[in-house]
Every structure is written in structure tokens, then in C-alpha cells.
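Next up: some structures, all given as C-alpha cells.
After this come two complexes, each holding chain A, first together with chain B and then together with chain C.
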Partner chain A sequence: MPEVFIDGKRYEFEGKPMLLQFILDQGLEVPFFCYHPAMSIPANCRQCMVKVGTPVKDRETGEFEHDENGDRKIRWFPNPQTSCSTPLQDGMVVHTQETSEEVARAQKDNLEFILVNHPLDCPICDQAGECPLQIQTYKYGPEGSRFEVKKVHKPKRVELGPRVTMDAERCINCTRCVRFTEEISETNQLTIVQRGDDNYPQTAAGEEFDDPYSMNTVDICPVGALTSTDFRFKARVWEMNQTPSIDITNGKGCNVDLWTRDNEVLRITPRENDEVNDYWMPDAGREAYKLFNENRADRPSIKLDGDNQSNTSWNNAIETFAEVLDAHEADDILTVGSPHASVEENFAFNKFFNLLGSSNAKFTPDVIPGAGDDFLITDDQAPNTNGCRAINLDEADSNSLQSAVSGAKVVIILSDDLVGREVLSAADLNDSYTISFATNENDTTNVSDLVIPITCIAEHAASYVNVDGRIQRSYPAKETKYTNRRLNLEMSEGRLDRYGTNFDNWVSEENKVDCLPVWQFLNKLAERINLDFSYNHSRDVFADISEQFDMLSDISYERMDEENGVQLPIKQEEVKQA
Partner chain B sequence: MAELSFTEEELKEIEQLKAKFPTAKAATLQVLWVAQRKYGHVEPEVQNLVAETLDVPKSHVHGVASFYTQYYKEEKGKFVLDVCTCLSCQLCGGYDILHHLEEKLGIEAGETTDDGMFSIQSVECLGACGYAPMLQVTNGVYVNNLTKEKVDTLIDNLKNGKMPEFESMAMPELEKRNQAASE
Partner chain C sequence: MAQDWKSFEPLLIPDIPNLQQIEVYEGNGGYDALKKILNDQNEWSRDNVVNEVKQANIRGRGGAGFNAGLKWSFMPDPDGGPRYLACNGDESEPGTFKDRKIFEFNPHLFIEGALIAAYAMTIDTIYVYIRGEYISWVEKFQKAVDDAYEKGYLGENIMGTDISIDLEVTYGAGAYICGEETSMLESLEGKRGYPRVKPPFPAQKGLWGRPTTINNIETLANVPLVINNGAQWYSDLGAEEHPGPVLYGISGHVNQPGVYEYPTGVPVLELINDVAGGIRGGKDLKALIPGGSSTPVLRADQLEGVTMNSDSLKDAGSMMGTAGMVVMDEDTDMVDVLWRIAHFYHHESCGQCTPCREGTGWLEKVLLKIKNGEGEMKDLDLLLDVGNQMEGRTICALADAAVWPVRHTINRFRDEFEARCKKSTHAVA
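Moving on, here comes the complex of A and B:
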């Protein structure tokens, strides 16, 4: 197998890897800016320089030539090479900054050049703390600069588009953002204008950067030149905790990170998963953080007189719920599951009412034909349509759900704004007693007689099956009134050495929503009506699911964690129209 | 601005230009020239016309047009004086020449005189470092080895509608070498 020697150590390689990527794959480091594994290689930042040589071979015999010590003779490239664009060759010898003074010096001087016109405004820059330029300057850069002349000024606070704000002075012209619009989103909206030390990215005159994937450029910009207009100046990176999760705004299930501080989700960024979304996500998915913080169903509420809802206690909610169940036959009760809720929630919900004699819950997919593209935006507006199918819920279109509702005396809805998305009208629910389990207030909760507030994806561990049949799960990222990050071992606690101090990421106990996971509420209800139903954790719910459904029999949270989600043997059929 | 368009004839010319290159994108520079010849500038609307005609991204044409000082991104005066302030010219007094011109015409680099006669631009190396400092008139003739007096004469001549002549510049070193070779 071909071999390469990096900093005196031998590695074997296959295929035709580029040197930089190969070095990174070994867990080693060489500083770089413009290279991005998902895009073409322009080699324009010049930061990734290393010293490279190839062994000298005797032309006749093809044998390696050796020096008097018996070592292979190496022909060094005359200058340092950009490792991002250097293909590996058999026998190649490489020195990085770790073993070559010359390379360390080249990298250091290159950084001095890159910083000639950089404003060095890290203290007020959003990127500080997650900035490749800042990090690599600390590690490999010069202490000072010999360029003590006035810096070139360029446009600042430019609204490149509705969601991206640019500070051209910070730009190092790596062209990652431009290549993103050319190669990944294919809108070609950006270009580099001007030249020399005047240049920066721009749209064509009269156009704006309204690419539905525009905010990915904020993530890949290796400096603070492109920032999220929404998130600007909201928080320093190190003040937030980062929790893996899933995008719930469409059916693709893009892997994301939720960034929280004081029990509020402040931003959502994509998390790499080659099988689903690579490094990217649609801008729309990032807006979802608002759903987790604002307009939440907080404390149960009940309709007492006429149409006025008022908050009530959990005890009262359970009592009311129990009375309603008591007063009706199983046949009079219609249960509606939800493609917007997780597999565990749907299963626990369905099982509870199955135990009471109801037939399987119905659900209505939330699909807008034509809304999707061939990339990461899907027609399916819900994260778990296939999950509802996997546990055999009863798929119903709008019409058949309407007629089912009209025949029912009690309608129990799991986390789905059926009125808001016009599957049902408010009038359809007039004649029945309507109970909604809901994360947020919406048109459906407004017309419900009893609203049970439940945890959202940011507050529980649960799994979702995307349009392609891949099951992936979330982790709790923020506390509710009844959870505690110390006791919930799945929660990221922030830095332990700061726990409980003024420097903790949680300095406020505010922003906790008064809600329960569906299964926990059902536990309490079961206790009240003497039903044999109890789940301590979504893991227990999932264990039951795996036992019951063949397709999920060898799936577990551990497997989903290890494999970054698991592909189920689901035919990748089009999600049918509701 | 009214709807812009190329005439049949211009479109034919553009087709011929395109045929010379492997991709339409590669013809951008040439077609920008066609447009600038027609309109006297390549303002954003003109850039977009070029992009549409070539069926390449508007952003691409914008980037190319903005790269070169030779393309006028706004209406310019009758004579555009591109004063080189790049390294060699700078060392030989390029900025003195620029400032002299600015004072003389009462405008700054990047501006146009009220009568629409002159625009001044400060530009990068025009490849005539051997005769620095120098300037170029409206993407055409070079005026070399500038002095303030030479600039004054140039302006007077231009005002009278007299363009400077093309100057064949001697390359002393090269001549010496050629001579040595022939001996």
C-alpha cells in the first residue's frame, strides 16, 4: 500500500487523497482557511503551507536512491506547498509546522499578511470564540505586525440579504461564501468585487442575498465577515451550551445543534452528517428556535365559561381529563396523533388510549406539494411522518379526519395545529370536547376545551423518522419547571468548574416552561384512573417500541448515537398528499 | 433608464466572440467591451444586459466589471485620465502628478468635471513602469515620463480636441543588447 511520512511518522493511504484532508483525518493539524471539504479547492488563503518532498528514484532500475547513511534521497519541492491542493504520492515526505522551522515561519508570516487590513475587532465581533482566524492567529500567528500603516477601509454593516449582515473589513477573501452559492446552493448570488486589498463579496447590483440557504455562509465564513442578522450581538459563543438535535421544520431531519443560555435557545446551527445534510441546513430551520422560547403552552389551561380559557393546576387538569374519559365510551373518543411529534410521544399516546379500548390514533401528514427542492427543503412540513407510519397509526386525509371528528364526542389531539394548517376548521371541533396536548399556543389550542402543555424537542430525548426513513434522536437542551440539568444526565451542563458560579451558563432560573413530557402526564392520568401504564423515560417508551415493531427491533438510543441515526428499511416513497 | 438591448448586429458580433471561447463565461470580458463601446459605460443595468445575453450569473459579470478600472461602472467624462499610482510610478512621483491634475481640474480622483470633459482615476500598474510616471487617456494612448509641464500641455491639447500621439518608447538596455549582438 502506498505510504507517506508526515513529521517522521509513516502512514499508509488509499486512493488519491489531498494532503491537508489526509492530515486532518489522522487527527493532526495544519492551519487553513479557504479549504472546505465539501467544496472545490482554490488554494487562495496560502495558510496551509507545508514542506514536501518525494523520494529520488533511479530512472533505469526504478529503485529508490539512498544517501551515504542509507536513507532515501529526497527531492524537496523548491518552495513550501499548500497542503490543501497537494495530492499524496507514494513515498512522499512531509514536514508540517511541528517539525519544520521554515514551515512554522511561512505560516506565521502568511498570517501577518492576512492581518494587514483586518480590523482586529474581536472584542465586538460575533465570531470571537469560534473564529478560525482568531484561533490560528493565537496558535501560529506573529505577536505583532510590521505593517504599522493605516488600514484599508471597506463597507461595514452591509445587509447582504435579509438574513446575512456583512463587515467587509473582516473578510479575508477566502471565497468560501462565493463557492457555496456556486457549488452547493447553486444560486450564484455572490461574487468577489474589486481587487487587491479592496475586495470583498457582493451580490450583483440590485440583487439581494436571499438564497434559502444563505445562513450557511455565516457558518463557513472563517472570520466574522458574515454574521447572522438575527443572532448578531445576542450572546458570546462561550456563554452558550451546545446540544445535538434535529431540525423539525421539515421532513429532512437535518442534524442541528441547539445553542442555549439560561434556558432559552438562542440559535440553531447545522451539525455534520454525511447521510443527511452534510454541513448544511435551510435558513427556515434556524428560525425554529423561536418556537422553543416564545408563545409556549405554559401550565394547563381549561375553558370554563364560554370561550374563555384560563390556566389551571395540573391536579385539576388530570381530574378534568379523567372525568371526561369516565363519562364516555371508548367509541366516542377520537385520538389524533401527529407527524409533528416524536415516535415516543405518538406511541405512548396511542398505547394509552388503546388500553382504554380506542382504536389506533389517526394522523394527517402535513405536506405542501411543490414547497420542497432537491436539496434539504422537503414538501413534507413535519419531522416524523414516517415515524407515525412505522408504528401503524391510521393515516387519514383531511376529509376522512373531518368525518371522524364529526362522529366523535371527545377529540384528543397530540401536538398538531390541525386548525391552523386547515385540516380541520374551528367549527369542526365545536360539537366535541377537545383536548390538546401542545407545545405552543395556536389556532387549535385556542378552540380546545382543555390544553395540556408538553415538552418540545428542545426539552426531551426522543426520536424522529425523516422522509428517507432515517431514525434520529434529540437530547434535552433546556430545563422545564420539573427537570434539573444535574439530575438529567443527558443534558449538557456547561463547564463543571463554573457550575453555580457567576460564570455559569445558567445564571437565571427564568424561562422554564411549565410543561411535562406526554408520557409523564399520561403516567399521572393512568394513576388517577387505575390504568396499568407507566414510563419513566423516553428510553423506556422506545424499548417497548423496539419490542413491538420488527422494523425497530434492533434500534436503540445507543445505536442512533453511535451511528448518527439509523436507516430503517423503509421504501423511500414519496410522502403522499394529505 | 429605458430597456437596454443589443441590436441584431451586435448580437451577431457577440455570437462570433462566444465562438472563440470554450464557454460563454469566458467571453465576458469581450462582451463587456462591446457594451462599453455602445453605451460609454457599464453601469449595473448594462452589466445585467451582458449577463442575460451571455446567460451567465449577474454576480459574475458584476465581479469582472468591478475588477478592471478599464470598465467604467458609471458615466465618465469625454477623456478619462488613468494616472498610474502603482509601485514604480509612485516612486517616480505618480502621486505628485495625480495631485497636480486634481488641482488643475478642480476634481478628485474618481470624479468628473462639471463640463463633462475630464475624469481622473488613480489606477494600478499599466505595464509601462520603464517610463514612469505615466497616465493613459481613455483606455487608449499612454503619455509617458510625465512632468507637471507635460500634464499642462496634455490638458490644453485635449481641450482643443487634440489627442496625444502614440509614442514609441526606446528601451535603452534592450537597444544596447541588440547592438552588441549585431556587432
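Moving on, here comes the complex of A and C:
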């Protein structure tokens, strides 16, 4: 197998890898800015320079030539080479900054150049703390600056589009954003304008950067030149916790990170998963963080007189729920599951009412034909349509759901704004007692007689099956009234001082929503009506699911964690139109 | 070099009135080389043409001086797909203004050369890229192209043979960088003129990813001379390692600036004094930039016995470049000159590579500081250091071209720079 020597150590390689990617794959480090594994290689930042030599071969025999010490003769490239654009060759010898003064100096020189016109406004820059330029300057850059003349001034606070704001002075001209719109989103909305140290990315005159994937350029910008207009100046990176999760705004299930501070989700960024979304996500998915903070169903609420809802205690909510169940036959109760809720929530919900004698819950897919694209936006507006199918809920279109509702005396809806998305009208629910399990207040909860507030994806561990049949899970990112970051071992603790006390500023009692996971509320309800139903954790719910359904029999949270989601044998069919 | 260079009769731009008119060109043996080849394609097989040009050793006149025929031989075998000849008429290097003379006074010689090149490399499409500022030369040249089409030298079935070659005239928007061969390809493709990472070289992947050869206008104008008179005749002209006629563009403090055609190897001082009429106002020569602004400046005392060919100029510490000679008299302020050159490279850096984008601006700003009398002694070392950090670390050679004048002007006129710094408000630092 061909071999390469990097900093004196031998590595074997296959195919024709590029040197920088190969170095990174070995867990080694060479600084770089413009390179991105998903895009073409422009080699323009010139930061990843290394010293490269190739062995001298005898022209006749093709054998390596040796010097008097018996070592291979190496022909060194006269100048340092950008490792991103250097294909590996058999016998190549490479020195990075670790073993070559010359390379370390070249990298330092380059960083000095990058910084001469950079505003160095890290204290007020959103990128600080997660900035490749900042990090690599600390590690490989020069001390101080020899630049004593005037810096170039360029446009600042430019709204390139509705979601991306540019500071052209911070730009180091890596062209990642331009290449993103050329090669990934294919809108070609950005280009570099001007020349030399005056240049920066820009749209065509009069155009705006409204690419539905525009905010990915903020993620890949290696400096703070492109920032999220929405997130700008909201939080410092080091104040937030980062929790893996998935995008719930459509059926693709893009892998994401939720960034929280004080029990609020402040932003959502994509998390790499080659099987689903690579490094990207649609802008729409990033705006979902508002759903987790605002307009939440907080404390149970109940309609007592006429149409006025008022908050009530959990005890009263359980009591009322129990009385409603007691007063009706199982046949008069219609349960509606939800493609917007997780597999565990749908399963626990359905199982509970099955135990009471109801037939399987119905669910209505939330599909807008033509809303999707060929990339990461799907027609399916819900994250778990295939999850409802996997546990055999009863798929119903709008009409059949309407007729089922009209025949029922009690309608219990799991986390689905059926009125808001016009599957049902408010009038359809007039004649029945309607109970909604809900994360947020919406048109359906407004007409419900009893609203049970439940945890959202940012507050619970649960799994979702995407349009392609891949099951992936979430982790709790923010606390509710009834959880505790230090007791809930699944909660992410993004900071080094994670054994925080109440006196640490990242432990916060603020913004905790008064809600429960569905299974936990049903535990309490089961206790009240003496039903044999009890789960300690969503993990137990999932264990029950994998026992009951062959398709999920070898799936577990551990496996989903290890494999970053698992592909189920669900056909990658287009989700049927509702 | 023969001593009789003064009796040389121009070949590229001969003294024939209205030679730009196709009838006049034809009447003076024009297109004979093309006819010679196309009428006897056995004798003049494509390989034979390439070999003849290779043996003639036409060194590229765009500045790099690479053997044109050798460059042609790098083209891969035809695979049936498109192949291109891209002719570089972007000449934007300060001190260089020779190709436009060809466009104006002998365009058909170049067209004939380009056709022979296209034939030799099995190319059916020629692009001629002319700098945007040359709009009136674009129009003049377009007229010549139209005439050549009309007469059947361009287009379908040239002169009744089964050879068909098209020629498209196009022009840039005024960027020096588009004269860099791979940027020129980007610009031809309608993109921003950014140099490409090599490899792959244009012969493998050029215009639209297809095999492409890029030649300078003057280089191709030499080709018909070789075909008409033979490689041996051509390589006997001028300097041995760098033969042929050259268009010397002499500018600066001389009495008669202009473009003069002589063989390579003419003594520099004779060109200045005997051809360009000597230094203006009877002053003394101070310095010479021999081949466009990026070639290292030479002091007058370095010019004794130096001739205009690559070996001699290399020995003297400079380069032949484009033979665009900038002559400076004794009153020239070298700080001013260097700042102006640095300003040019700062203005023209495309901005793709970090060292060039940032370094060219840094060089200019420090030089401006010195020029304005605010320089410090440490600035001189800083300039040299910044230059060292730029050279050899970028995709194309613009950074190198920006650094060489800085390095050599400071080194060769250091006392002048030091004197300026010592007089400054920040003298002792």
C-alpha cells in the first residue's frame, strides 16, 4: 500500500486523498481557512502551507534512489505547498509546523498578512469564541503586529439579505460563502466584488441574498464577516450550552445543535451527518428556536365558563381528565396522534388509551405538495410521519378525520395544531369535549376544553423517523419546572466547569416552562384511575416499542447515539398526501 | 550578436504602408506560410509544424520566455472534443505597449500565426483576448478578422481544404490580472479573473475544462516567419539562446520613445542612445527597467555590455520580460518610482491569495509613508521582509512581480531610500 511520512511518522493511504484532508483524518492539525471538505478547493487563503518532498526514483528501474546513509533521496518543493491542494503520492515526505521551523514561519507570516486589514474587534464580534481566525492566531500567529499604517475600510453592517448581515472589514476573502451558493445551494447569489484588499462578497446589484439556505454561510464563514441577523449580539458563544438534536420543521430531520442559555434556545445550527444533511440545514429550521421559548403552553389550562380558558393546577387537570374518561365509553373517545410528536410520545399516548379500550389513534400527515426542494426541504412539514407509520397508527386524511370527530364525544389530540393547519375547523370540535396535549398555544388549544402542557423536543429525549426512514433522537437541552440539569444525565453540559453550583452563572432558574413529558403526565393519570401504566424514562418507553415492533427490535438509544441515527426498512416513498 | 543589427529590416512590422489591409498583406507574401502548410499537409504534418517551431526556439514574448513549440507539444492527443488556442493580448504591464502595434499595423501576420498554431495543435477555435482599454485596437483588429473571414482564411474549409478554424475577438474590463494566463481563461469563460491553481495546467484542463494553449500575440506573429524561412534561419537571428526579432517598447526619459523592432541581443545602451535618441535634455542615464515594471531595475553602472536577451540580462541581475524598457534619467526619484510601481500592483492584485492581497497594499502604504517623508529606517527592512513573506507563496506570479521591484530597487538604490528616511520626522527609530 502507498505510504506517506508526515512529521517523521509513516502512514498508509488508499486512493488519491488530498494532503490536508488526510492530515485532518489522522487527527493531526494544520491551520486552514478556505478549505471545506464539501466544496471545491480554491487554495486561496494560503494558510495550510507545509513542506513537501517526493522521493527520487531511478528513471530506468523505477526504484527509489538512496543517499550515502541509505536514506531515500528526497526532492523538496522549493516553496511551501498548500496541503489542501496537494495530492498524496507514494513515498511523499511532509513536514508540518510541528517539525519544520520554515513551515511554522510561513504560517505565521500568512496570519500576519490576514490580520493586517482585519479589524481585530473580537470583543464585539459574534464569532469570537468559535472563530477559526481567533483560534489559529492564538496557536500559530505572530505576537503583536508590524502593521503601522492605515487599515482598509470597507462596508459594515450590510444586510446582504433578510437573514445574513455582513461586515466586509472582517472578511478574509476565503470565498467559502460564494462557493456555497455556487456549489451547494446552487443559487449563485454571491460573488466577490472589487479587487485586492478592497474585495468582499456581495450580491448582484439590486438582488438580495434570500437563498433558503443562506445562513449556512454564517456557519462556514471562518471569521465574523457574515453573521446571523437574528442572533447578532444576543449571546457570547461561551455562555451557551450546545445540545445535539434534530430539525423538526420538516421531514428531513437535519441534524442540529441547540444552543441554550438560561433555559432559552438562542440559536440552532446544523450538526454534521453525511447520511442526512452533510453540514447544512435550511434557514427555516433555524427559526424554530422561537417555538421552544415563546408562546409555550405553560401550566395546564381549562375552560370553566363559556369560552374562557384559565390556568389550573396539575391536580385539577388530572382530576378533570379522569372524570371525562370515567364519564364516557371507550368507543366515544377519539384519540389523534401526531406526526409532529416523537415516536415515544405517540406510542405512550396510543398505548394508554388502548389500555382503556380505545382503538388505535389516528394521525394526519402534514404535507404541502411542492413545498420541498431536491435538497433538505421536504414537502412533509412534520418530523415524524414515518414514526407514526412505524408503530401502526391509523393514517387518516382530513375528511375521514372530520367524520371520526363528528362521531366522537371526546377528542384527545396529541401535539398537533389540526385547526391551524386546516385539517379540522374549530366548529368540528364544538360538539365534543376536546383535550389537547400541546407544546405551544395555537388555534387548536384555543378551542380545547383542557390543555395539558407537554415538553418540546428541546426538553426531552425522544426519537423521530424522517422521510427517508432514518430514526434519530433528541436530547434535553433546556430545563422544565421539574427537571434539574445536574440530575438529568442526558442534559448537555457544554462548559468545562460542568459541575456547576447554583452560584455559577450558567445554572439558571429562569425561563423554565411548567410542562411534563407526555408519558410522565400519563403516569400520573394512570395512578389516579388505577391503570397499569408506568414509565420512568422515555428510554423505557422506547424499550417497550422495540419489543413490540419487529422493525425497531434491534434499535436502542445507545445504537442511535453510536451510529448517529439508524436507517429503518421503511421505503423511501414520498410521504402520501394528506 | 552581429554588429550589423542597425541594418536589420523589420519583419514583424515591416515598413510597408497599409499592411493592415488584407490585399496589401497578401501582395507582400501574406498568408503564404499558411498556404504552404495547407497545400502540402504531408510535408507539413501537424507534428512537423510543431517541431519546426520548437527548433526555431521562439521564446514566448509575453514575459516568461518559454519555447513556444515546446509549449504546443504539451497538448494531449485529440480526443474529438473541443480544444482551444487562447491568444493573450491583454498586455497591461506598465512599460509594455507592443502588441497593439501588431493589432494596428500587421494584424494578419498574427492571424496567420494563430491559424498555423491552431492547425498544428488540431484546434478549431481561437480566442483573442485584448485588454479593455484597447477598444480602438479591438475595433481595428476586428476589421482584420472580418477581412480574413471574407477571404476564406478563417471559417469553414479554409482555402478549400477540410480545415475549419474560427477566431473570436473578445476583450476584458481593464484588469491586469486577466493577462495571467489562467485568469484570462476564467475571464473568457465569463467569470471573475482569478488565477487557477496549477496543476492541472491549461494544456490538460483549460477553457471550459478542455485542452488549451495560451500564447502571446507577438509570439504567434513570429510563427509565419519560421514557416516561411525555416527554423535555422530564425534561430540565427539575434542572440543564440533567445533568437528572433523583438518589439522593443522604449519609454521614459528618452528623446524618441516608441516601439522599435530589432533582433534580440542588441546592447541596451545602444538601444537607448542610438535607437531612442538618447536621454532627454542631455542628462545622464540613472536606471533602466528592461522588460516591464516587474523586472528588476538596473543602475546605469550595471548596464555596461549588457544586451537585450535573457542570458545577458540574467547575468546583469534582471530579466528580459516583455522588452518594455523604461528609461530613467539622473533626476528620477527612485522612491517615487518604486511607490508608483507598488501602487500599481496593489491596485491590480486580484485579492484571491492572502499574501498578495494584503502584502501589496502593505508595501504600497509603507512606501507612501517613506515618500511623504515620514519613513523610518526600520521600514526598509520591513519592506524587504514583507516581500520575502509574499514571494513564492501564491497561486500566480503577481505577488512575485510585485516583490521584485521592491527588493531590487531598495537594494540597488538603498542610499537614496535611507537618505529619505533619515530626513524624516521620525528619523531615529
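In the analysis below, the second predicted complex is superposed on the first by the 565 of 578 C-alpha atoms of A that agree within 3 Å, B and C clash if a C-alpha of one lies under 4 Å from a C-alpha of the other, contacts with A are read in each partner's own complex, and residues count from 1 in each chain.
The working rule: a residue touches a chain if its C-beta (ideal position, glycine included) is under 8 Å from a C-beta of that chain, and two chains touch if they have at least 3 such contacts.
Remember, it's a predicted structure, so these values are computed and weren't measured experimentally.
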item	value
Fit or clash - chain C, chain B, common chain A	clash
Partner chain in contact with A:Gln26 - chain B first, chain C second, else both or neither	neither
Partner chain in contact with A:Ala106 - chain B first, chain C second, else both or neither	second
First (chain B), second (chain C), both or neither touched by A:Gln194	both
First, second, both or neither for A:Gln567, with chain B first and chain C second	neither
First (chain B), second (chain C), both or neither touched by A:Asn316	neither
Larger contact residue set on chain A - chain B or chain C	C
Chain B versus chain C as contact partner of A:Asn399, first or second or both or neither	neither
Contacts of A:Ser534 with chain B and chain C, given as first, second, both or neither	neither
Chain A residues contacted in one complex by chain B, in the other by chain C	191-192, 194-196
Of chain B, residues touching chain A in the complex	44, 47-48, 51, 57-63, 66-67, 124
Complex interface listing, chain C residues touching chain A	175, 177, 192, 194, 197, 346-362, 365-366, 368-369, 382, 389-390, 392-395
Chain A residues touching chain C - in the complex, by the definition given at the top	41-47, 49, 78-80, 85, 106, 109-110, 112-114, 116-117, 146-147, 149-150, 152, 172-173, 175, 191-192, 194-199
Contact set on chain A toward chain B in their complex	181, 188-196, 202-207
